[in-house]
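The structures come next, written out as structure tokens.
Two complexes follow with subunit A in common, the first pairing it with subunit B and the second with subunit C.
Let's look at the complex of A and B:
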């Protein structure tokens, strides 16, 4: 298969060479086959390509062969296709230790930077929680739960949001029609909608659409936490996890039964961490099977900010 | 049923052991832990800190110190001023406060090391015969003084055990490297997962590791195990890696293979197809039936 392709390339090259010669002949005044000139210019057509090691090289367009076959009938780009396929054999899971969170908001910052979000848009949001009037308040970071039984992908009429084999729920903003059914379906309010012109549109940021980063953002489409699917591909922890200064986040592969702390780099057994600390998931009664686990805020390391406490008390009065 | 009975017996036996023997017996402290001493000398300041900590964390069970009024529990918490406490070395007290047992909670996560030493410093003020012991340089105590450590690892595939053999050069000759901490790790996607606590090599430079039997391996049950010296700053990076096949075989099931509502159109559940087409077909059937009846009515004329 490869051989025939190479042969085909070689023969095309020979053909182009003859075209070049003919062109040279035309320039030198021998008025031969001047109709070949357009082909000659197309042979000069070069495309700038970024190699994996970061160099920009020029390649003749005619010689470029896609690395693998793209499902043409779906009209996907390579980035979209691999984004839909996901990483085989993985099942990503996040553990959030509420005892460690002191509302530093570094996770939100790095997330918004990575995904080109506006300050009011959150893929991950640190909430101030108090379950009852007399219970202790705590800070709770809330990303997308990447449920195993997703309510959001069920309602998408155009297959724009989907779950891939490694458990990540992504969206394809080139398919999204902005109906916002998924926003209504999500019980965790994990999705944001680009109501107005996005930062990327304002700054005319024109990179090819990266589905695993959901950048560039597009007005009239949905955005949401992606578990930093682009980083996981490179063996790196998600943006929020590695930005946390307090060791709040653990992230890893459930199939390996291991999670790694983004701050300390320590890796522990997932099942043990969950069991020893009596972890829970949000709204388990809905049967969504979330992949984000919370460790209760027991023996917390930081006191709750008195200012925030005051605000919470105010909200209790209403 | 049989298994249930066996379990019941085991549970009963355990309960009896714990209530009758375990608690009345001496609380044993590992020799390693006993030799631990505070890195900071006890002073008036640590004693004051310890007093506050004692009143906040310990008084509820041990009672006011010196009053001999601990809560009547079994085993008795005891008064820290008593002879029972005075007879124990610092390391033993530290171990007990750190780890706890039964009614005595573990203060590993709630009090820092310094806090726990401050507590001991306070308790010691009630032991008139106590003579303080403070390490000059705690990290240097009882560790291998030589360098150029070589690591050899042998594996016992049946028992899931590994023996690490360390030798080093001390005073120009190759000797077993004793009292060097070795950690065992398993390679995972985002880093190396620690397996248990680091183990110190014994006098012949040997540390034996026992691994859990339920470690998740890859599709053929392989695991990459890594041994490292913990005191990297002192001995440099000494690592041994080995792939073993003790892990549990991982059977991958692609969640997309199942027919579920959340999947795309290629994975529609059968019940949904059946019920949808059932409804559509029955609606058309009813319309057809009505048309048929109308035709019959027309033909009646």
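Let's look at the complex of A and C:
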């Protein structure tokens, strides 16, 4: 992985030296050097600049132009490549505090907006749970568990769904053949399929496919929770995490042992948070090794909706 | 045996056999065949329109949704793979242990096997969300996916079954070529190519016997593999009702039941339509009836294991699945398939007077219906009882209701399989001429005159 990056960096420097700037801009997406010409600049003031992937290059100060959206400059191939590689050194983890969830569904809303999903399609779904007839009901947001022992990626015949180095399970809808074996394999019902024309197809939304956002959605392919890989790329918290008004979500990097609350912005030690609160994972007996942890719904801050309770009781009778 | 007959007797016996078995190929079936073909073509046109809709609008034209994402198509696929397994049972298993009464039905079994194996490979494409990306399976194929294993073994099985159909046809086509010199040009050409210059030398006989023997041995593991791997599409997941260790043998044993039933239907049809009562006689039906009892008993044994053991424990998750099958919304289909597709055939066919063509035709029809329904209730109910509750989606996601286009496509694929069988049975003799003659004591010289 690192080798590839270094090579890419080295070849960029070669490009700069030989003055093939248009080519360099297209390959790397860095267009701040677009008017750079080596012959004129020999006597001018130069500045050292850090490229997005960690290399230092020298640039003529007068010709520097600020760039707003680098990611829009990336073509499909580059987006696919970095999307499949993931972010080096990270191991993303989510902690969901069930005591804080009051079924506000802001997470679901922001997620559906971000990923251009239809109302019945959920990357994250707030479920009403009741473990036994006499136990207390609670609300449980359910994203993809981004398992370490993934039932879904194992069965994919074409490597269209895969687990990358930072732990995120992604889907490549440019490659997916629509066999839905992953849907059958996922015990958490975390995957959705585009059975008919998608919203993007209806609205003729034609941006290059961003594998880390899975947008534009395509008919006949799978979609699923991506831990908002596109936001993590920009050092931001996932859509659902930041949308929650109740402090339900913590998100962070297990390697750093730090998780940040999406509502309060508070950062705590991941290990301490899950230890002190007796965290658990969903369906641990299946051996999927989830990367989403739950804090028990004890000392709940919000009452369970009596209407929901009635419905749950009815469903228990079935 | 051949020493017992004199030349003349031998010749007249062979002429009778050859005439009887070749007649259906040349006979003008007139209206009945035309109606039959018309029916199949109608089914195929409906299929064509339905598939056009599906290609245009997506898999959303079916009743499938995120909580029942495999339905009729996959059930049908499993059913086709199952039906094709009978080729291996009859040609390889019974053939290799030297059972004689299979001579008149061996080719019928191979025709059934080839038709369903070919269709099994095709129907899976109709279930794909992006059939245009089929080649991705070859470009990006990953060895750890059971789909890739399935593709490999289904292809291998189709090829070996085709060879097992074609090889024993070689001497027959040489005979037909000589006896029907005035046949249409394309047919003569076909026979010429597929008889591979066979003239009946001992070396030629020897090499055919040898090749058939080797393929008969080879097809056993391949056939076991296709249905075992098909069962793993389900057994390799963590869902209640699929998460079972006996799915492989359970599917294989069920496959023999469906396959034998198809052979009975085809036997009955050819016996009457092709006027082959003297060859597909009551005794063959009697034997095949006993075979159906045997394979059904094995299947019953696996059913008891598959359902009664979890029912005894009533483990959380399994309990809900078992109850909906036994007494809940799936009970009707479940008990139909168990009673009419398995238990009743065993009981009825134990009686000799039920092992007659007419009764057996009806029983085989019930068995096939039961077999199809059985695949359906293996595939669908499990998905409707996931580990986590189905919530915040339309009410319709709690059930699975197949739509018109979906049913049309499914029926179309069954129509295609039957059409392949019809065509094969029209351009080739459905019973091996040379093997029948050999068994009647006719010597090779007479056969190849």
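A few remarks follow.
The definition used in the following text is that the second predicted complex is superposed on the first by the 242 of 318 C-alpha atoms of A that agree within 3 Å, B and C clash if a C-alpha of one lies under 4 Å from a C-alpha of the other, contacts with A are read in each partner's own complex, and residues count from 1 in each chain.
Assume contacts are C-beta pairs under 8 Å (C-beta built on N, C-alpha and C of every residue); 3 or more make two chains touch, one makes a residue touch a chain.
Source: prediction; values computed, not measured.
Superposition of the two complexes onto subunit A shows subunit B and subunit C fitting side by side, with no clash. Within the superposed three-chain model, A:154 lies in touch with subunit B and with subunit C [touch as defined at top].
One of subunit B and subunit C touches more residues of subunit A, and that partner is C.
When the two structures are aligned on the shared chain, A:231 is found in touch with neither subunit B nor subunit C.
Using the contact criterion defined above for the overlaid structures, shared-chain residue A:82 touches neither subunit B nor subunit C, since it reaches no partner.
Once the two complexes are overlaid on the shared chain, A:163 sits against subunit B while remaining clear of subunit C. Of the two partner chains, neither subunit B nor subunit C is touched by A:115.
When the two structures are aligned on the shared chain, A:256 is found in touch with subunit B, with no touch to subunit C.
After superposing both complexes on chain A, the closest C-alpha pair between subunit B and subunit C lies 6 Å apart. For the contact definition in use here, the residues of subunit A common to its subunit B contact set and its subunit C contact set are 151, 154, 159. Interface residues of subunit A facing subunit B in the complex, by the touch rule stated above, are 88-90, 148-151, 153-154, 159, 162-165, 167, 235-237, 251-253, 255-258, 260, 265-269, 299.
Interface residues of subunit A facing subunit C in the complex, by the touch rule stated above, are 108, 120-122, 125-129, 142, 151, 154-160, 175-181, 183-185, 187-189, 191-197, 219-221, 282-283, 286, 288, 315.
Residues of subunit C touching subunit A in their complex: 57-60, 62, 64-67, 69-70, 127-131, 133-134, 136-137, 139-142, 144-148, 151, 233-234, 236-239, 383, 386-394, 397.
Of all residues in subunit B, only 109-110, 185-186, 188-194, 215-216, 219, 250, 252, 254-256, 260-265 touch subunit A in the complex they form.
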